[in-house]
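First chain A sits with chain B, and in the next complex the same chain sits with chain C.
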Partner chain A sequence: MSSHPSTLERPPAFRGVGKSLLLTLPILLWSLLMFSRAFLQPRHELRLASVVVMLFMTVLFFLMMRTGTTYRWRRYFFVALGLLFPVGFIADLVAVRGTMSIPIDRMVSGDTPFCYMVIPMLVIPAALTRTIIFPGSILPTASNPHSIAIMIGLWLALTLVLGKAWCSYACFFGGIEEGFASVAKKPKIRRIDPRLRLVPWAILLAIVLLSAALFEPVYCMWLCPFKAVTEYPAVRSVQTAIQMAIFVVLFLGLVIVLPLLTKKRTQCAFFCPFGAFQSLFNKINIFEIRIDREKCIDCAACRNACPTMAISKESVQAGRTLSSCMKCGACVDACRKHAAVWHVKGTATGPSSERSRLLFLYGAWAMATMFGGSVLANSVSYLLHFVM
Partner chain B sequence: MIAPSLSASVWEALVLGLATGPVCLASCGPIVVPWMLILPNGWRLRSHQMTVFLTARLMGYLLFACAAWWAGSAIPHAWGGRAWAFGCVQLLLAIALVIYSLGWPKTRSSAADRGSRLIQIGAVPQHGRTGAATLGFLTGINLCPPFLVAGVRAAQLGSLPSALIFFVLFFAGTAVWFAPFLALGLVQRNRAIATVARITAALLACYYGFLGASTLIARIFYV
Partner chain C sequence: MRRSFTAVLGYFAGGLTLLVAILVPFVLMGFFSNTVARAGLHVDEGYSGGVVARTIAKNGYRIAVNQPVKPHLLQRLEPFVQIVWEPASALPAQISDEVDLDGDGRPDVRVTFAVPTDAQAPLRVNVASLNDNYQSLAGVGKESFSRLIVRTDRGIIVRVPLSRCPSKSSSH
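Here is the complex of A and B:
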């Protein structure tokens, strides 16, 4: 994994050890709370995995505090989440069902785990007919605790507070392509048409309209690249074979090949309709990245560093990022003149930027620990089970 | 089955149209929304285009009413040509959406115009009546569930004029639900929205094209 250029520009010790530890304490306590249930589980692999993941998350946060940088440490967590999520998910599926494919009877009985990617497609059918077009259970059941109501409630609360940070701190899928984007030292493809940034909006519009017309989650049926590494409809007809082929081609192209060639999160930037939907919430969210025009020397370091092309020449001129900013911190860490800063809307820019960063990171890392931490612990416990 | 009286069927048609309007709204949304967003700004232009669209849609309804009355009540369940009609309409919708996303092909084009029209954001295509009429007619004969219900009822009526009146009133009931689409005029048309709408139209064209082609292929090889 190549190191991010920005981290070399910052002083190695932004804060002292004591102060960094003190700032890390709330996250340590939060992690203890989040993993407390896992510590009581009879599976010793899960207990051990929970301790390992809790330490992993806490140490990364400590390093964020100590170095004053964000992107690099967040990336370690995010890539681990992306790579390990399929391990735990597939292991769970195989343990429960014996296969990664979803049999029709499971769909009918509402045992399909709810995925947040469906949320934009639910809105219009629910408004018009009060029908949820997903074969899951609205309230939690013994066999499916990840119910629709709980997932939507959590997602809405976190998105209102943190905006599109979901895509950089909680999404199970983005880490896979971020991992592949980190492999090459330099991009093979440098020139990318910025108009491709509009494609996720078009896909969002198309799937929302088609889902309302057909009463089925069209994205899950036809376009989700991550079906290739999670679960998919059992291939029993020409149609399901075509669907599976689309999933695999999209996964190989957008999640592996293009990130390797461009060093960008191409699926997130140029395809993901959920990301476009999340961008709407960036408008009403208090956290943002500002670019101080007085300090900015137009070196384009922030634009080059941004993994989703969420900074354009025009947005730099306006002193802001685009609404597709995922708040990963790459631009802030990359800026040698400290022109790109974390900011809370309604407050003054400048000296308070580190306080804004801290405020944001506590929320974002708490979310990461809550969602990603449990996923990581589950996956690591499976790996330990195979090793031990 | 006893044929309903004309006075009873008048109310039934209107209520059926109003009641199934949300389904019509959802069924026609993938066609109407990108089309309305591609249109340039201006309430007058959009209202005019919507009027043409609805008139053509009414023509489609009336054509279907004639066919339904002629074929009797067998249409929705056993009519052998249903798959053909459905497949062809989907393919034609796909072609219409492709034209809307890319624009009409020019007979003579300069070298600069030979690139993809899809990415020439902001270039406003010509908006005559043909496009709106084509989309309206094709959505008018598209076999959505409320339409089939109305077709069954119209087929049970005693005369062709009764079937036509039934469909006119059914159309009136559903047309009310198209008024919200005019609110898309509130969305300020800019380069980005026009491009998004065009890409959306292209994506939807792929879907309708696949649906139409697979229906026809299944009809050819499996029947």
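Here is the complex of A and C:
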């Protein structure tokens, strides 16, 4: 990779086909390795789905290399993940228990699949009493392979690599609203109070303290919009009926209607406490987005493009994004002056930005292929099963 | 000089992150999962039912009596004792057992329920209290975590609510 400043100018075809293919080769090999187990499965739908997803991930990475842009190619993967995850998850649930609701006997026997959204709420009870306030099992069982230890281990590993980029490369919920945010050409609602960015922090603080006091995962029980498309407590009482109503209203409002109107990921930007929790890990992650003040003309293209309002006037002045930046690359792609750049902390901004982007993308795409790719392949295999 | 040193450190950390990414599926995920598994954590007793205190052998099956479960500080949980009839496959069609829950040698509750051959069939339990510390139940199914009868892979679980909250250190 040339470090000459002229390489920063992005022509329509950023790289030649040969060089792009060469840069894609490691991802192709990684994908082959990640899906090799699926190729040996007896279910031919899963084998076919794995080939399709492997090609999908590899082609998207090739296009990132070829065009020099990140956001729109990542978005194809991310929206596919968000829309297809519920298909596979619900199909798994219906196959195992015949319903999307969690019966009390499944909770008592520790058969609830673990969800990473609950992690911030586990911290205080686990630290003080060594108790996990979730109806799962610590170790995997035949009826619950998504055990607490496995899922926390996976989250820890991915967070080390991705930091807050978890929210744009691994979270299967964020893709749903990113899909709806992409539908309209222009936003119907343009003015959004920037103070709303603080709401996820307030919710995080509230649910962590309430969960520690009440010894139950408060967010999962009362506030998670994605319960509407995954699993929810069986409606047996007025309380569970109210909970279900809250899940549906939040899902419709924050994940469908507001993204359609604002072109922002409103649930992620203004509600999600797990996203706020992940922001803490941006501090220890080596990758970031910087804004070169010498090139910036204050056109606000980056601020308008950011799906989670992680760039403010003040942060542009400081040459940085806010800690809630999830490194989706929207601002970098939107900046015509190439002032918004990928950056490795400690290095100089400017000539090395493409090197920084590559270093970040290899790790992020490897994780996306490993985690999201397997989710996609499972869901696609169900769709193929229904079609074939 | 300092700038180039931090640049070297930055790229080294970036390379290290890439190495971590490569190691995740082969080493790191398992390492982290095993570390979590070995951390001595346990699922809240309100869900798991707590630990087994005693096992009573019956004719062809056994009854496991757990330690009483009490709620944490502000936890919305009625204190209860979990009793498990196991294995479910060895149970007679009708169970009617007097069970000593506190280990003093005297029966505390009489538990009665039918065991349908269909594993999906709903269960109902009657509990007659023989000790003021335990509440009676009439025709209870899956009312709450503290009063229920459910079938699991392990056996049939009955939870009997306590009349008063036991002290944390109470055991059988």
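Throughout what follows, the second predicted complex is superposed on the first by the 378 of 388 C-alpha atoms of A that agree within 3 Å, B and C clash if a C-alpha of one lies under 4 Å from a C-alpha of the other, contacts with A are read in each partner's own complex, and residues count from 1 in each chain.
FYI, contacts are C-beta pairs under 8 Å (C-beta built on N, C-alpha and C of every residue); 3 or more make two chains touch, one makes a residue touch a chain.
On a predicted model such as this, the values are computed, not experimentally measured, just so you know.
In the superposed pair of complexes, A:Ala213 makes contact with chain B and with chain C alike. When the two complexes are overlaid on their common chain A, residue A:Leu205 makes contact with chain B while staying clear of chain C.
After overlaying the two complexes on the shared chain, residue contacts for A:Lys283 are found with neither chain B nor chain C. In the superposition on chain A, contact of A:Lys186 is made with neither chain B nor chain C. Counting the residues of chain A touched by each of chain B and chain C gives the higher count for C.
In the superposition on chain A, contact is made by A:Thr129 with both chain B and chain C. Residues 125, 129, 213, 215 of chain A are contacted both by chain B in one complex and by chain C in the other. Across the complex, chain C is touched by residues 34, 103-105, 107-110, 125-126, 129-139, 143, 148-150, 152-154, 156-158, 160-161, 213-216, 236, 285-287, 344-348, 356, 359-360, 362-364, 366-367, 370 of chain A.
For chain B in complex with chain A, the residues that touch the partner chain are 22, 25-30, 33-34, 119, 121, 192, 195-200, 202-204, 207, 214.
On the chain C side of its complex with chain A, the touching residues are 3, 6-7, 9-11, 13-15, 17-18, 20-22, 24-25, 28-37, 39-49, 71-77, 142, 145, 148, 150-154, 157.
By the touch rule above, chain A contacts chain B in their complex via residues 124-125, 128-129, 193, 195, 198-199, 201-203, 205-206, 209-210, 212-213, 215, 222, 239.
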